[in-house]
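Same chain, two partners: chain A is paired with chain B first, then with chain C.
For the complex of A and B:
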C-alpha cells in the first residue's frame, strides 16, 4: 500500500500538511518502511521494511527482535 | 535448381519422408527437420523478403531464429521466423511486405529516395502541411511492415490455444549447448531437480554443426542428459526474462496441442549458458542476398544439407570462419578466396542487385562470386545476466562485452560461451562445475560464493566496420552512415543514437546489432567502446504472443441465485464487474412504469453487504461516513456517503442497526470489495484497539428490491412474523424475520427508486424460492420483474446519484450535492479537513439537474455543456427518457459559477449540433417532496 506515513490530526492540520500526507512521499533509495496488504491471502495489513534498490525485505525492528542494521 | 547436398553426418532432416508445402502459392519440397528457410534454400531460393525502409531484397544472414531477412507469413500467422520454424506438410507460406510481388517491388523506389529518408526522417519529413496528414497516413500505411492477421485460411484445426504452467525447479539451466548440458547433468547428479531450456529444436548448441569430434561429444552429452534422472528438457523454448528472486518466465513452443505455453518458474538457482551470437560485418553491400555469417553457412551445410552457393569468398578472423571455409570446400562449393582479417585482410564492397555478383577485397581485387561469408566476431548473450543486475564491461582483447561472474546475485551463475572460450571439454568441465555449485546453492549447502574457476577468453581482433558504410540494423534498415549522422546531429551516446535511428529496435532487439552500434558510435564520437558503454537488455528476450501471456480464457462470472429465472424470462444480460445482471426483460420503459403504477421486483444481489459486529461499530461508521451514527437506534436504517481522506466521494449505501452491537452495511455493487478493504485498513492500522468484526456477506444474501405503491400489499402476502403496516414499519427502518418460510431474512424500507419500497435480503440458498413466491403471489397486483435499466430510469427521475457515474475521481462531497449530509462538527472522519476547506473556499464542479428545452431530446451521457460565452462549463453525467414525465431527465456536473437554478446552458450534441437546457431547482424531477416514499 505504500510508504507508512502518519495521519495528521484532522482538527489541527493545515492544507499543506494534510496534502503532504495525501500525496507526497519520501521515495528513498534504500531501506523504507512500507505498509502491505495480503489481499490474495490472509487479508491482513502488515508493516515491512524494504530496500528499494535491491528489493530485499525484512520485518521492522521491534523490542526483543534482533536484526542486523 | 536443387541445392540439396548428400547426407551429412550431423544432419537433422529425415530423407525418407519428403513432403510438399507451398511458397507464395507454388508447391515446394521439404523433409521433416527442415526449417522453412532451409527447405526453400534447398530449392535455390535466395530472396525471402524485402527490407523495412528501403525495401531492398534480403536473403539469409544468420539462418537462425533472429535472421532478419526471413520473416514470413504462415497461414494466418504473420512474422514467423522462417529460419527457425519447422516446415509441415501442406503449410502455406507467403513472403511479407513485398507489394505487389517479391521479385518486383514498387516500393524499392524508396531506395532512390534514400537521400530523403535518412535516419530520423520521421522527425523531419511528413510534417507539414498538417492538412496533408490524412494523405500521408494512407501512403505510410501501404508501406508499413509486417504480415497479415486473419483473412487467410489457416491449416490448423482450430483457434490458437495457449496455456500456462507453474514450475519450481531447484536449478534452471538457460541454454542447452555443451556447457548447459554438462551443468544440467552435474546438477541433477548432485540431487537437484533440473529444468533445461533450449531455444532450438535439439540440444547441442554449436556442437551440432561442428566437425566429427564435436558430433561425438554431442552424442555423449545427449546420452548423459537422457539417462540422468531429474532433468526436464524443454526444446524450442526460450527464457524470456529473469526477475527478482529468480522468478523466470519460459516460453515453450512447438507443443502438439498448445501453440505456446508460458511456464512461470521459480528457480532456486539459475545457470545462464546462453552462449555466443555471431556478429555481422558492416561494409557496403553487406545486406545483398548471398552475404551470410559463418554460422549460417555451417548450419545450412551441416544441419540441413543445403549448399548455400556455388562460388564463395570467406572473410575470416577466427577458427569458426576457418571451419566454415573447410565445410564449404568439403561439400563442393568452390571457395575462390579466403581473406584473413587476422593478417590485415578486408572486404570493401559487395556488388549485385538481387544477389551477390562480385566482392571487392581490401587490396582492390574484384572477385566474382555468389556467396560472401563473414566471421568477424562474437557477442555474448548476456541478457539474462543484465536482467539479474549485472552491467557487462567491454574487453578490448576479446572484442566482446563480458560479465564478471563474481558480480552476480548468489542465485545466478553463468557458464559456457557467455563467459569464456574453450574446447568442448573445457566448456563441459566448466559447465559441470557450475552445475554442481548451482545445486549446492539451491540446497543451501554452501553460503554465497564457492567460486568456479573461470574460463579463459581467447583474444579476438576488433572488427566491426570496414572502410565503407553498410547496414548495421538489417531489420530497421539503419546504416553506419545513419549512425554517423545521428552523432553529428548531437545524439552522441549509444542510448540516444539508438532511439534516434531506431537501431536495435527491430525484431532481433539488438542481439545482432548492439555491439556494432556501440562500436560505430564510438568511432563517430572518437571515444573508446568501453567509454561508450552499452544499452540495457530488457525482457522479453524473445517475442511472445499476447495469447501466451493471457493463457487459457478464464473469465470468472458471478451469478445470483435467481440467474436461471432471468435467463428463462428473456433477460438481456448486463456485465457489471464480474456479475451478470438482467439489464431488462424486453421493455425497460414498461418495467419502470409498472413500478410507478403497481409493483415491481428487481434482483439486486450484487449490492455489497458487510456484517458488522462489536461494541465499536458506531465509532467506525462515524469515521468512514460523512454523517453521524452514534444515535442510530436498533431497528433504524440510515443513508451514508463515504469519502477518502482527500474528500472525494468513494461509495454510498445504507446501513441498518439490527441489534445493540450488530449492523448490516450495504455498499455499491462495484465497491463491495474496496469498501471491505477500506474498513479493514482503518481497523487494522489506524484504530487497532477498536473491537469490530467485519464479515462480507454480499454473496451470502440474495437481495430483492420490491418497489411500487402496491409493494406493501405484496410483502404482506409473503412475510410471516413481521408487521409491515405503515405505522409498524416506517420509512428508513429495518426488520428481521421469516419470509416465505425462510428464516434469517433482513428487510429494510428505503427508496432508491423513489417509490414505496422494501429491500429484502434472503439467505442466498433460498433466493430463487422467495423471488418466485413473490411473483406467484403478486399476479393479481400486476407484479413485474424489472431490470437494471428500469431502475436507472426510476432513480434518475428522483435525482438519486450513482457514485462513479454522477461523480468522478475529483468530486468531493459538496460536489455531489451532499452538503446537507456532511456533519463537519464531528471530531474526525475520513476527508474531514478537505470538506471543511471546501466550505470555506469552494471549487470544482457541482451536481445539478438539467432539463432540455426540447422535451423529446435525450442527450448522450458525456455531452459537453457550454456557457453563454461558448466555453465548456460541464458535462451530462446521466440522461434518460422518463416514462413518468414523457420527457428527458438529466443530471450534470457543471462549474460552480453556472450551477444556479434557471441558468441556461448549451448542450453540444454528439452529431455536432447544439441544444439548450436549463438547470433545475432540484435534482428530483418526479415527486420531489418524496411523498410516495413515505407512504
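For the complex of A and C:
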C-alpha cells in the first residue's frame, strides 16, 4: 500500500492539501515505513520498515496494524 | 581539412567513411570523444544528470540558443542510469493528442540524429506492434489509431493474420492462453543504439563548449530568497542561477535538496537479453496484457522488457521471479524460442508519476527546473525533452509542446490521461 502517511480530514482539508495527500510521496532512498497487505496469507494490513536501496525489511519498534487505503 | 590533425579548438575530427579509411591505414588513434575538465566555480546553467535528457538539453541549449556556459554533472558515468538500461524502443502512437504530438517530434529528431550529431546512433525503423488480447484492448487500440491518424501519425489496427505475416513465429491460434485478437501497427516505430545516443550528444555538446563532469555527485543545492544560487558537489561548489534536475529515478532525492516536492515514486524495471540468434524478428512486439515487449538488436540478441516491479525501490538487483514470468510470457507469444538462452538481466530505475506523463519546466523555486517523471518512456522522449527544456531555459517560459506537463497540474487537478498507452506499452 506504500508509505505510511497521514490522511487529512475530508471535512476541513483544502484541495491543495488533499492533492498533496493523493500524489506526493517522500520516495525515500533508505529506510522507510510502509503499509503492506498480506494478500496471499492472512489478508491483514501491517506496518513494515524497509530499506528501499536493498529491500531489507524489519518490523518497526512498535509493530502495528496497517491501514486500508 | 586535415582529418585527425585538427586541434581541439576546431572541434573533433568529423566521422566519415574517408576518416575511417584514413585511420585504418595510418593506425592513428581516434580522439577522445569528449574532454575531462576541471570544475569551474560558476556556470550559467548546471544540469544534474548525464543521461540522454541532460545531455540533449545541454546540446540544444548550445546549438539552438547559443548558451554554451553549461555544465552537466553525473554522479556515475554518462549514460549509466536509465539511458543505458532501457530497451531502446521508439514510437509515437500514444493515446492523448499532446502525447502523440510530443513523441512524434522526438521520433522526427531521432530519425535525423545521426546526421545532426555526426555520430551513428543506429536508428532502425522496424514497425511496432502492440498486441490486443481482449475486446477491451482492441477498442482502446482503435481509439489510439484514430487519435494517431488525426495527428498525421501512421498507425492502424490489424488482424491476427496480418500479425502473423509480420511475425511468422508468433502464435496467433486461438489455442493460446491469451489469443491474439489483433494489434495496433505503427510502421514508423523502431529501435536505436541507446549508448550511441548518449555518446553522440555528449560529443556534440562537448564540441560546442559544454563541460561534462562524470563522478561528480551533487550533495546540495543552495537556495536563497526562493532562488537557486548554486550547487555543491563532491568535487567543489558551482555558483549558478539555473539548475536542471534530469536525474530520473533519483529525481526526488535531488529535488529535496532544493526543497521541492515531486509526485514521483521510484520503481525498478527489469529487462533481459538473450544470446544472439539469426535475424528473424523485424518488428518490435509489445503485449500489454502479458507485460512483455520483444525486439531483436542489430547483433541478433533478443531484448525483453516488462512492466515495473510491483513495489517502489531503488534496488537494481534482478529477481528470479521476473525471469520466470518473462520467459513464460515470451513463450506464450513465440513458443519456438524455448531453446534460446538468456545472456543477462538488469534493472533500471523509473520515476513514475500518478498520470504516466512527465513533469517538465519550472518549480516554486526560481531557477530550479525539472525534467523528471519519465517513468518507463523517458528514452524515446530524450531529444524532444532536451529541445523543449533548452527552449524553456533560454526563453524563461515553457514551450507549448510541454505546456500540459507542468508540475502545477497536480495542485490544480489537471492530470494528463496517458495511462492507457504508457503503462507498459513500449
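Descriptive notes on the structure:
Here is the rule we use: the second predicted complex is superposed on the first by the 62 of 69 C-alpha atoms of A that agree within 3 Å, B and C clash if a C-alpha of one lies under 4 Å from a C-alpha of the other, contacts with A are read in each partner's own complex, and residues count from 1 in each chain.
Going forward, a contact is a pair of C-beta atoms (placed from the backbone, for glycine too) under 8 Å apart; a residue touches a chain by one contact, two chains touch by 3 or more.
For clarity, every value in this text was computed on a predicted model and none was experimentally measured.
Touch criterion met: A:39 reaches chain B, while chain C stays clear of it.
Once the two complexes are laid over each other on the shared chain, residue contacts for A:10 go to chain B alone; chain C is not touched.
When the two structures are aligned on the shared chain, A:29 is found in touch with chain C, with no touch to chain B. In the overlay built on the shared chain, the residue A:52 is in contact with chain C alone; chain B does not reach it. Residue overlap on chain A between the chain B contacts of one complex and the chain C contacts of the other covers 15, 22, 55.
Put simply, chain A touches chain C in their complex at residues 2, 15-16, 19-20, 22-27, 29, 52-55. Residue ranges on chain B touching chain A, taken from their complex, read 244-245, 645-646, 677, 680-681, 684-686, 827-828, 832-834, 837. By the touch criterion given at the top, residues 1, 7, 10-11, 13, 15, 18, 21-22, 35, 37, 39, 43-45, 55 of chain A touch chain B in their complex. The touching residues of chain C, counted against chain A in their complex, run 250, 252-253, 261-266, 311-315, 317, 354, 410-411, 413.
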